[in-house]
Amino acid sequence: MWVQKEITLSRHPRGFHIITDHIIRELPQIKDISAGLLHIFIKHTSASLTINEDADPTVRIDFESHFNETVPENAPYYRHTLEGPDDMPAHLKSAILGSSVSIPIGGGKLILGIWQGIYLCEHRDHGGSRRIVLTVNGD
Amino acid sequence: MWVQKEITLSRHPRGFHIITDHIIRELPQIKDISAGLLHIFIKHTSASLTINEDADPTVRIDFESHFNETVPENAPYYRHTLEGPDDMPAHLKSAILGSSVSIPIGGGKLILGIWQGIYLCEHRDHGGSRRIVLTVNGD
Amino acid sequence: MWVQKEITLSRHPRGFHIITDHIIRELPQIKDISAGLLHIFIKHTSASLTINEDADPTVRIDFESHFNETVPENAPYYRHTLEGPDDMPAHLKSAILGSSVSIPIGGGKLILGIWQGIYLCEHRDHGGSRRIVLTVNGD
């Protein structure tokens, strides 16, 4: 069984945002799968996806602070500067965090640890809406 | 063909550890698969998985040193500090390295390069045991 | 439907290189798949794969500069130094960027965003040719 669906996430401000419930709502077919995988892919190079703690919101604030510190704007070695100071760091952060996550499905549910949530990582100041491809494969 | 199994890895000290043989022992079904994929997922936000050199043990020591240098404890910008100085860095390291790896299966074996091994990356001082979901899909 | 194929990429200089067209040429079977996934795996621990902007070539130059800055050669804490100053950084960069990417397939095509390309990330000065395993699964 394959399910594939492209969805649009409305504009999120720069930072890290939990989208777990949004993704699950889009995929009622998960409840029919006893064993499988969900693949989530973002069709952009300046926003990314990861999995991390979904409880204390200060974790997401610290993610934004940390990546701004280690992937700074206006680094003297950047040559790709025409699209604004937030653009090249956004490309680098996307590659470090990744453009997809995949999560096991078992017993009709996503198998996530108790503290795990899916993050949309918006690295641009004005990233606009973002397109995501959801692919489910399972029995 | 789908095989899915949740296993527990006993407590490992903070650092990088090779778990390739442990994973393979859990999945005798791999030998029946001519083409497929193994997906390995860790159900935690302060430990992660990656693939890297499994020969010289100093590589794993250098991994620990490097990530401690670039994702420091007690960074002045951290707000999520209540769970101890090793907690927020553990979340960041997990996101950078990732919560899953996937590896091709061919001819009844995991297809890994000659120097590649699967690493459990334990980012907490006292992380305890860790739960891992193994999902195999193939023909 | 499963397709699996191991290919060799000829030697690329240290840096970031777009290999999207090369991969697509190797997999004419993609055109017969209405929904599926392509998994690309590199069998090495000092080169990696990622997805990022394939338009302006200065983006790839900035990738090389940035990773050289944040994963330096000759860090005082490295113990794994016998294989040359570019070796340990190559292992670290590989783990940060990752040894695989997976991309949805839909309507007989890879589903990539308009600016997305597949990067081979060569982290060694003299990495030689690189072996890649392509695994396609779909309906």
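Per-chain numbering from 1; labels A, B and C assigned in written order.
Basically, a contact is a pair of C-beta atoms (placed from the backbone, for glycine too) under 8 Å apart; a residue touches a chain by one contact, two chains touch by 3 or more.
Source: prediction; values computed, not measured.
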item	value
Overall pattern in which the protein chains touch one another (line/ring/star/complete/other)	complete
Interface numbering overlap (same over half, different under half) for chain B and chain C	different
Mean-CA-position distance for chain C and chain B (Å)	20
Chain B: positions in contact with at least two other chains	70, 96, 98, 102, 137
Touching residues on chain C, where the partner in the complex is chain B	2-4, 6, 39, 41-45, 70-71, 75, 77-80, 88, 91-92, 94-96, 98-100, 102, 131, 133, 135, 137
Residues of chain A touching chain B in the complex	35-37, 50-53, 56, 58-59, 61-63, 65-66, 69-70, 96-98, 101-104, 106, 111-116, 119, 137-139
